[in-house]
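Each of the next two complexes has chain A plus one other chain: chain B in the first, chain C in the second.
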Partner chain A sequence: MRHLSPCRLIRIAAVAVLLAGFFFVSTVSAEQAASPTTSPIMVPNPATDLWRAVRQREAPAAGVTQVQGVQSGVLIAKSGEDFRNYRKDDFIGIAGWVLAGAAGLILLFYFVRGEIPIPDGRSGKVIRRFPDFDRVLHWFTAILFIFLAVTGLTLLFGRYFMLPVIGAEAFSVIASASKEGHNLFGPLFIFSVLGMFFRWARRNLPHAYDFKWLAKGGGIIGNAHVSAGFFNAGEKIWFWSVMLLGVAIIASGLVLLFPVYGQGREIMQLALVIHGIVAILFIAGSFGHIYIGTLGTQGSIESMKTGFVDENWAKGHHDLWYEQAKAEQKANAAAGDQHSASSSRDDALSPATERT
Partner chain B sequence: MANMKFYCDAERCIECNACVTACKNENEVPWGVNRRRVVTIKDGEPGERSLSVACMHCTDAPCAAVCPVDCFYTTDDGLVLHDKDICIGCGYCFYACPFGAPQFPESGAFASRGKMDKCTFCAGGPEETGSANEYRKYGANRLAEGKLPLCAEMCATKALLAGDADVVSDIYRKRVMYRGSSVLDWGVNYDKASIRKSQGMKGKASSRS
Partner chain C sequence: MTFGEFVDGPFWYFSAAVFVIGVAWRLYGILSMPGPNDLSTPRGSAGAGAVKANMTRFFPRATLLRRLRLPVVAGYLFHIGLFALLFFAAPHIDFYRDYILGFDWPAMPTWGFILASEAAFLGLMLLVLHRMMHPVTRTISRRGDYVGSILIFVVMLTGCLALARTYEPLRILHFFTAELLLIYFPFSSLMHTFSFPFSRGYTGAHYGRRGVPV
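Take a look at the complex of A and B:
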């Protein structure tokens, strides 16, 4: 063995330390290379920003394309998946339960409360309530509404209830007819809403006694007497609901009817969402309206069927209007001596204006 | 059974639009419908990429989910096709599709629209294979002849790949290997490991594979 002088030992030790140091550093840097989160990125790949943008975690990446079309430059529209999830998870199931629940509650109420009879029974005398134009307008609206509701509900629920029963080809014929019918007659609803607005808006303006009527629940529970004008507060609520829901459903319906004006998918999705929610609320509300007007209150359906109502019905449910109408009749009889006391067919005066 | 998919390699696409033209011609696509389109993102800037997109034949297709008449069906090959005889042309599939694949034809008066049309992976439709009806409604049925969609066949750079998902992903995997970039490394290896960079080459696609 050669002589191990201290100098030599120091030199060997220095080399050993240096080698150890190199190994140490290289292992550390290897670890750093294996975990990229800790090492600085010198040259970012511009494509990674691009793909992040395409994935639409922030704003969607704008693209250009040679193909001419609305939104052709959009690579992925994330809203499509939101729309699909909304429709399947949040809308179709819930809409069904809302409608079933509304119908069920009303039936339950009927079995508990029963029909509300005319206060003090029928008097046998009638008084004019609605002129012919109003009745035609109402029934036009009612038939149109039921048609639109049935066709619309076919498109919404038919796949789940009708298609398994009658098969795809037959259901396609029904669904296609529903869609075409719904599209064709839907715009007629504009005339309904406008007609009813111009005819009845003034009579549906709220007054102080309407709030008292509401506070007593309209007298539907128990036999409390409530005062009302030509339309009571419940009818006024329904009127303004029809107006608001009607405007919303018409606006969204027109957007859906003409998809070719460059709207893009997001607007169409929004229109479908609005149209659907409003339609379900409308139909549920109509259940209540139809109930009250037929089964729920004795003597109500006549007002729309014939235009006349029993005087005790008018006195009991709309006393303020009744008194005013009677007063006008007396004034007309005194002035012209041409009208009979109760059943005048041509006095458009008493139902058309309400001064209370 | 095969699981047929499209894959467009953004590093290779040169937006020549050969795929668009091929599809339109081969299938005699109705006026107003663009079954396939090439979208260029970040046009003119660093990181510009082009992608050819048509129907992606999704496994859980949103179009099939929202259709009110349930006219979509998935074939054994994993393709999402629809039956134009049952389609009522309502357009919900178009609103739900992230890629805008099923489209309204714009012929017809007063927005009458007609049946939705979409990419069929050149696999025709539910009509009898090879019949005139099938061609008129859905376009060519190349798959029945053992061929792949014409868009992928026509692609000038083989950017658009179409076929069984395993085969397509294998091809792309090899390309990534040669290019040297990996999504896991984000930007770290892009500069160092790429063959092109080490040889001082510039530009997008590798000349290999």
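Take a look at the complex of A and C:
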């Protein structure tokens, strides 16, 4: 039996995830588009006529009640039905196509461009790129993100995709579990975003060479060499997108999670729409991030797996950082500062540790 | 017998028995080990050394703290969070009352529960990732360390998923994973829950008797 290396397994898994995601959202969108108004739960409400009469009566929207609370005098909020229909008929379908489109484009790009090899092949020498803490932070965020994405997509699409397959009883269990899991794990994302900001913001500040990188399309189309620092312009755009989307998704999530601070239905509905839009953009963007880090570029995943990258990879993709790291290494060696080199594992700004 | 009845009945009694007997057996094994045959004149108190080592080793030395910030902070978050969840979360107190003790005590408020669970999950995830990423910690870790951590994570996760307390399958799943943990506990490094005072005490007594500052 042919031996499968971990890198190859990760690549195969990434293709499988992309394909599964593509077919998943395509199926959901198609099903949703085919029956946009039909509820899969066909349980007639015995009080339908009564509540329809209440909803359609001519009276002020809000009545009087002794119950103290935001909009507690509203017996039936008509806007709620409009919102429900918008979410069901418009939002879910568009969201499905956005995710399917992103996954499809990446697959298409992969089949056209293929994996970008390490320029000049492996050198056999590696250079440290990420210290342990950065990798812990990255994988913590990744695990959290995947869990939140899976539970969130279950809540968004599950009614159309899972319920017809597994039935209402099983789906209600999964939906409840997804909701509780999503709510409890969601606030942890605050730590991820804050951690990434404090750890990587300085290195993601734009420089003049980033604009040249962007003008040449990052060299991903064609084989032209494009200079880049520790992070290239594409990574910087992704980083600041994550910060922006992260703040939006956290803020809207907290509004939804703690509905006890006076926010009314309109605010909650707005928060839900923002949360959904941002989540879909986030997940679609993450497809690209995962693709470039695994299938798209040979050797990239190693920076987050081991903390080290091949020197030719560093020269080819981040030459300015590579030169700076080598210069630092030489300076340290000249100063006989062995302590600095050996203790630099914990220092994000000292990449000059080399091993062969 | 359904799976739920099995989990609530025979499997619960079996796992609880394995846990109690296993932990008692391991502790008996530790305590019944023969002490060192040291005939030299003591230069200090072994007992005082044992007590001091137990009381003063909750933080690493200042010189090591910078390198150990992540495991120390994550460790405290996880252990304090888990302790609070285990003994002061309302569903657990109900469980102790109904299945073991017959009485209960006040549960922590909802905000406390949320804080404790966030701290526990954050701490555990960081600890497991640190174990996987840090070259030294990874080298000295055994498969059992990962199994124990992941099993605890699964128990916490299933508990979190069952939080609505509405669906019986989710409660049974949480019970089942917790019972697996009880069975695994005595045979694993999770025994440090009970054995750490003896381990620290032994080292402290060893040095205390020789007059080495602990």
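To be clear about the criterion, the second predicted complex is superposed on the first by the 261 of 356 C-alpha atoms of A that agree within 3 Å, B and C clash if a C-alpha of one lies under 4 Å from a C-alpha of the other, contacts with A are read in each partner's own complex, and residues count from 1 in each chain.
Everything that follows uses one rule, which is that a contact is a pair of C-beta atoms (placed from the backbone, for glycine too) under 8 Å apart; a residue touches a chain by one contact, two chains touch by 3 or more.
Keep in mind it's a predicted model, so treat the numbers as computed, not measured.
S.K.: With both structures placed on chain A, which of the two partners, chain B or chain C, ends up touching more residues of chain A?
M.R.: Looking at chain A, the partner in contact with more of its residues is B.
S.K.: Return first, second, both or neither, reflecting whether A:98 touches chain B, chain C, both chains, or no partner chain.
M.R.: neither
S.K.: Would you sort A:132 into first (chain B), second (chain C), both or neither based on which partner it touches?
M.R.: A:132: touches chain C, not chain B.
S.K.: Once the shared chain is lined up, is A:140 touching chain B (first), chain C (second), both, or neither of them?
M.R.: second
S.K.: Per the contact definition in the header, classify A:163: touching chain B only (first), chain C only (second), both, or neither.
M.R.: After superposition on chain A, A:163 lies in contact with chain B alone.
S.K.: Going by the contact rule set out at the top, does A:184 touch chain B (first), chain C (second), both, or neither?
M.R.: A:184 sits against chain C, while chain B stays out of touch.
S.K.: Of the partners chain B and chain C, which touch A:69 in the superposed model: first, second, both, neither?
M.R.: It touches chain B, and chain C stays clear.
S.K.: With the two structures laid over each other on chain A, which partner does A:172 touch: chain B (first), chain C (second), both, or neither?
M.R.: In the superposition, A:172 contacts both chain B and chain C.
S.K.: Do chain B and chain C touch any of the same residues on chain A, and if so, which?
M.R.: 172, 176, 179
S.K.: How about chain A: which of its residues touch chain C in the complex?
M.R.: Touching chain C: residues 132-133, 135-136, 139-140, 143-144, 172-173, 176-181, 184-185, 187-188, 191, 307, 345-346 of chain A.
S.K.: Mind listing the chain A positions that touch chain B in their complex?
M.R.: 33, 36, 39, 41-50, 53-54, 61-69, 71-78, 80-81, 83-84, 87-88, 155-156, 158-159, 163, 168-169, 171-172, 175-176, 179, 257-260, 265, 268-269, 272
S.K.: Under the stated contact criterion, what part of chain B meets chain A in this complex?
M.R.: Residue list for chain B touching chain A: 10-11, 15, 17, 20, 34, 37-43, 46-47, 49, 51, 53, 62, 65-71, 83, 85-92, 94-100, 103-104, 106, 111, 113, 181, 183-188, 190-191.
S.K.: What residues of chain C sit close enough to touch chain A in their complex?
M.R.: So the residues of chain C in touch with chain A come to 66-67, 70, 114, 117-118, 121-122, 125-126, 129-130, 132-135, 157, 160-164, 166-167, 169-170.
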